[in-house]
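Okay, so subunit A shows up in both of these, paired with subunit B first and subunit C after.
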Partner chain A sequence: MGDPKEITALQATTILISTIIGVGVLPLPLFAVRAGETSAPFVTLTGVFLAAIGLMILTYLGIRHPHKTIITYSQDIIGKWLGKIFSIVVIFFFLILSSLTAREFGAVVVTAVLRETPLEVTVIVMLLLAAISCRNNINVFAYIHNLYVPMILAPVLIVVAFSLKNANLLYLRPIFLGNDLWNMAGGMLTVSALFQGSFIITMIIPAMKTPKKAMKASLWGILISGGLYLLIVIATVAIFGPEEIKQIFWPTLELARTTAIPGNILQRLDIIFLAVWVLAVFTTLFSSYYFTIHSIKELFRLKDHKVLSYFILPFVFFLAMAPQNVLHMYEIIQLIGRAGLLITIIYPAFLLLIDFLRSWRRKKNVAKPS
Partner chain B sequence: MSFFRKKKRTVKKPQLLTPSKLVSQKENTPTSSSLTETEKQIKDILGNNEDLKIKHFKIFGQFSAACVYFSSLVDKDSLNKDILKSLMYEPDHLMGKEKPLTQLIDMILTETIYHSEAKVGDSIDQLIQLMLRGETVIFIDGIKEAIHIGTRKVEKRAIDQPQTEQVILGPREGFIESIATNIALLRYRLPTPDFQVKTMKIGRLTKSTVAICYLKGIANETVIKEVEKRLSEIDIDAILDVGYLEQFIEDNPFSPFPQTQSTERPDKTVANLIEGRVAILVDGSPFSLLVPVVFNQFYQTTEDYSSRFLMGSFVRLARILALVFSLIFPSLYVSLISFNPELLPTEFAVAVAGGRAGVPYPAVIEVLIIEVSMEILREATVRLPKQVGGALSIVGVLVIGQAAVEAGLSSPITVVVIALTTIGSFATPTYTAAFALRMLRFPIMILAGIFGLYGVMVGVIFIFNHMLSLKSFGVPYMAPVSPSDYEGMKDVVVRSPLWWMPKRPDFLHPSNQSRLSENENKMLEHSKLGNDQREGTTDGGSEGNNSTSSHNDLN
Partner chain C sequence: MWLNHRKLIIIMFSILIPLFLSGCWDSREIEKRANVLAIGVDIASEEDRKKEDEISHLSKEFPTPDEEMIKVTAQIAVPGEIPLGPQQPGGSAKPVLVVEVVGHSFQDAMLNLQQEVANELFLGHLRIIVFSEDIARSGTSRFNDFLRRNPEIRRTASLVVSKEPASKYMNITPELERIPSLYLAELVDNLTALGKFPPSFIGLFWTIYSSKGQDPYLPYLELKGKSAIQLNGLAYFHGDKMVGKTNPLEIGVFMSVRGIGRGGYGAFAEVPGKDESVLVRTVSRNTRTKVGIKNGKPHVSIKIQYESEIDEKESAAIQLSDSAILKKIEKATSKDAKRSIEKLIATTQKTKSDIFGFGEHFRAKLPQYWNRNVKTKEKWDGIYQNLTFDVKVDSHIHRVGMKSK
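Take a look at the complex of A and B:
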């Protein structure tokens, strides 16, 4: 960790926002509507809430160990070998997450824009972009996110704002449709799985100038990204209605397609939206890729993460090519996403519990002799 | 370059005793007290040169002496009047006084010679070095030491308007080749003891004077040290321009982006010094090199600050637009035409398709052809003599453009796009930065030809990531945008009014941050009052006592 600790709270917030907002923007309304019909916004809200709890736990853990990432402090808390095993699981999960991000991206590009380009090419271009960018240190990582956040937020907000004139509030009622609670819970899990990128905070805290401000950063991060997700769900449901959304694969893209900016400067917005969405995907992929190699570096106590960047590229690529088609891919994504919650929420909670117990016991031990 | 290679080869030849080797052999050998012997030594080394002059004369009519100089380098007027005349003609106050040989030098320096730069030297190699820089050396028979006098006079051009950075509002002076004049231009604007100039000599053959200028107490000490360190590590035969230094001290030599700024304008240099940067000047180069730099300063000009802030901001916005144009406009065109024509409004799309009807090539090839020919035209116009240049640009741009469209080589819209792009790249005030974007346009165009908008996006992300990873002397290249800095952001897209920017930009880590003084600023008070209220106040601008403000300084 030779880099100077320079990351500010603002940068940490932007990292979280741009990491969380990613490929998930496109199918999100579909996930939410499948689970809750008209109560899709409610499902999203609970999903955000769950993700927020997970992030709080993680941030709290990070602040308790301000010089270490989850890879290193887990070894302190639950012992060297157990910690290492769990760390490998975490790393492997993020490896899969990176490859799924790249694959989902490739799928969208091949279906919506470049119909004749092979899927492999779009995926490998994106992965190469991430791999090359990962050769920078963590401060540059923060700068990159910091620069792109406004460019990611703006088009989504513009599309939402211009599309709202077609909104029909009737589609949003009833807000709470409680007929299939089990299904809604599943949707909630799927939505909060979209926030798994926020796990990156554990890597950011040790590089922050004042790690204490991490809590504020994660609160703002989840607030802004969660708010944006909620806005997208409300807008799409209010415009298309739940029944129609079930027929569409990427409702947000459809939303952009129906939107027209006044003045007829451009006939359609969806392509522009997709172009900017490339940015959002890049930042997400960049984060998970960076987290993977950074964690491998920490696990094996290597000096530099730069070499690893190209080394894991083939693995990510092959994993990305594993799903057979788009439907299969989304099945896997939902499955991996929900399973991932075990890693991103339950595991940190478990660590925090043990950490509390240990410090409580230590205090008791200290108290006893005196 | 071939010139240098030849030089190297001659140096490699074994056992050739060049004059410079002779000089270095004589290192620290004291001059002989005998005049004839010294003369012989000098003639051995420099005797071949026509412009080496040795003039014998008698000091005060009794001590025989010789003055040695290069007639091409010295100011003969001053040599005759101030040196020879004063030495040969015994002054009144020394008449009749005893003049022992041991005190002669002291007497000459303090009482006789009418020259401010007269000094004593005693080793032959040092004296020869000084002679080669234009000093006159006087050897006196029977005395070991010699007197050397700064009589250098080299032809230089007049101070002129800077050719590469012209402004409408603002000073008209530009740097010239002579470093002394350039430093004078800076000192004239910065009459403060904080303004420091450190000099060093770089280049084994050229021994160019390199000056590091900064404001002590404002510039960051670590940056100054780093600049000195990087400069002192350079060991090269020749430094002919400031660009030589640039290549040695920049952080990432493989990046297309300039990591130092070179400017011809003294006012720009001073403005940057005041922000906390360090300027490097080289003798023989009319450019100063500013470090550390950030990207946003490449589209700023001094004019932005001297004009009113609305005007400055508007012009700057136009420049940013031009910058974006020059980078991605052709690639956007290519991707829209060949991948997503549905984005265009229908009428326009039809017009574009009609224009392209006779063109056999795909859009990317067409744009590349026109773009390459544009580059050739541009390069040709720079090299051509002024008289022909205008004619060529008319023939090139108008005639060839028109003919290319009519011959079916390209569509009219392509010509429009390329013309806009080219003009856009001229709107960037810094040549080096404009060049970087000009180069990067080609890979993005090719990406656009393969992947459409997705390719453009990937290219742009790649360029941005590269820029974000750059650093110039420890300062992130994209500061103050990312990492963001509140004070610096006031001067990025819009140029905020000067009284809105009380602090120097933080990203340069200046030692002293305050730009405006803390106490109440009159200017601010005025601007807070409405126009009608101002009439009643007594401290308005029309009081008249302002006109008395220090006439003495106006010389």
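Take a look at the complex of A and C:
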């Protein structure tokens, strides 16, 4: 609508990367190991693959409708009312996703770093930060993501590189342990749920200079973020072994705590890692928050999304405070994450199918009279 | 009007935000913190037990844990007395404070300790934890829970077993360093660098303890005289309980089986045909462990290559002048090494402690066998006891130092 079309393919890629990499990096090895023990990397890989399929479907849909987002083109494809109902579900889902991101962030900070600071304060600071940043237009949104990507990627790579000194390759074998396939499938869903932020691409495509390049951006985005996730899982499993990971809430954080830069420069890297991780969480939260208000704007055909930014803040905050404790929170996150795949993968697939049928019928109708 | 409104909001915000950003909930001045540098854990003696006050439980109203009571000795840094950088001469005040408390569990003891110390305890600088042998033998898993849960504890902190009561280690006065616990921690850290001990820190201990196919090991220290501490062997565990210790030289043997490349131990090897011996020091090793099923039973083959150096010969009667004699010495050392490796494995088999991690090899390389026959740690212990193995040792002496004979 009012948005300038200036986003390049590179920017779209960085938006995807920094959106996907978020709170999920901390418990990711735990999820993967619970599902597959030593085959955790394999579980992660299948999860990434599933997420990539979902993202490709969504991108393809976006390229077919280069001026609209899923909120608007769904109304074209499956009818005005049905489209609106589904769009409300999507918006609600991202509202919950934003709140859970903020809550998970708060939980980690309160347990590991700022133990005296009330949970509410960390959560609300993060939400405020997102809400204030969301008052900008989509170009600024892209710039912010672009700026943070190297800062997010580099330290994670450093931690992984230095930690490999203590790696024990035996922990990674057997690579495929087919003990409990159902459990592995569940883990795959949980892992690919961590990539749900990539849904943001539907909002990016209409603002891109050349929407056709969106597919390339999607693939690179998921390749880099998925590769990073895989690397993290491999490193943590090789260092701690599956049995130890099962005992740790946030294996990635523990990895940073175990890793020292040689020569006693830094004896533990967790503080650096956490500082970076705050950025990663911020970009993720920023994206899902922006997507929520942008979608509300499109759904109700409002002119501007800025006012909404503060308007939904209390809702997000109360949702964030809903889980009773950390364990409860992770139960909810896994549940919502898996259910969300219906929205982020099945729903676009369904839309694409109908879209194909419609255009096929249209072609037939055009062909008939002639 | 709108503009004013907006300004008002911005002003309100800028007043509100600093309130949230200051983060003062968690700010603690460094000198207001009681930095615990080292902790020693002992089993509480009868008279210690009486000292316990009702801090974390009331005798009748709250459940009292039924585990054996422990005595925790903590070394706390005295603010301002820890020298930074080069040592200033003539610091008279003691840099650390040593406090003893008793408790039913680790956290219980910590709560009791807090009750006696004015400042808030901070465990982020905890460098070393000493378990006395009695504690290690009675089981360490009950301490692991607290240590894992607490975010301040470093995973890279050292964990050692001591022959004497751990409280003695908290009171030593080493000459090389002003702060006793730092000396102790440096000592343990350097063991790995010098090739005297395989890498060992608390995180690694936990990792090995949780995995199914191996048992943990820790350095075993002994006090010599007033302030010297000796690495007296390797304490090996079965599950979380210490079950035995090796000689110091057997640590080298252990490291070669475990596949730690860095060598650091030397041993006398008899020169064949003569009654004298030379001191051969291992420089590096290369280990290959193969696992398989032989006649339906698990079998391990270990192949070790030693790179050694001759450091010293016993008497002039030995002529180290041609390569033939080196070959002979190589053979003799290989034979000795092989024998001691076999002996060490047999000893650990008796106590069911697979410190070499053979079980992990089976789990990783023969998953079908593992899934069918093993699966749990307990079962692996039984299998390990009757594991058959063969050892092949190959040593090479490439250098003899600066002397030609």
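Note that the second predicted complex is superposed on the first by the 370 of 370 C-alpha atoms of A that agree within 3 Å, B and C clash if a C-alpha of one lies under 4 Å from a C-alpha of the other, contacts with A are read in each partner's own complex, and residues count from 1 in each chain.
Just so we're on the same page, contacts are C-beta pairs under 8 Å (C-beta built on N, C-alpha and C of every residue); 3 or more make two chains touch, one makes a residue touch a chain.
This one's a predicted model, so the numbers in the text were calculated from it and none came from an experiment.
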item	value
Which superposed partner A:R358 touches (first subunit B, second subunit C, both, neither)	neither
Contacts of A:H67 with subunit B and subunit C, given as first, second, both or neither	neither
Touching partner for A:V125 - first (subunit B), second (subunit C), both, neither	both
First (subunit B), second (subunit C), both or neither touched by A:Y143	first
Touched partner set for A:T8, first subunit B, second subunit C, both or neither	first
Contacts of A:I272 with subunit B and subunit C, given as first, second, both or neither	first
Touching partner for A:F282 - first (subunit B), second (subunit C), both, neither	first
Which superposed partner A:V113 touches (first subunit B, second subunit C, both, neither)	both
Footprint overlap on subunit A, where subunit B in one structure and subunit C in the other make contact	113-114, 117, 125, 267-268
List of subunit A residues in touch with subunit C within their complex	38, 111-118, 121, 124-125, 128, 166, 168, 170-174, 177, 179, 239-244, 246-248, 254, 257-258, 260, 267-268
Subunit A-touching residues of subunit B, taken from the complex the two chains share	339-340, 342-346, 451-454, 456-458, 461-462, 464-465, 468-469, 476, 478, 481-484
In the complex with subunit B, residue positions of subunit A that touch it	6, 8, 10-11, 109, 113-114, 117, 122, 125-126, 129, 132-133, 136, 139-140, 142-144, 146-148, 264-268, 271-272, 274-276, 278-279, 282
List of subunit C residues in touch with subunit A within their complex	17, 20-21, 23, 25-26, 148, 151, 154-156, 199, 203-204, 206-207, 210-212, 357, 360-361, 363-365, 367, 371
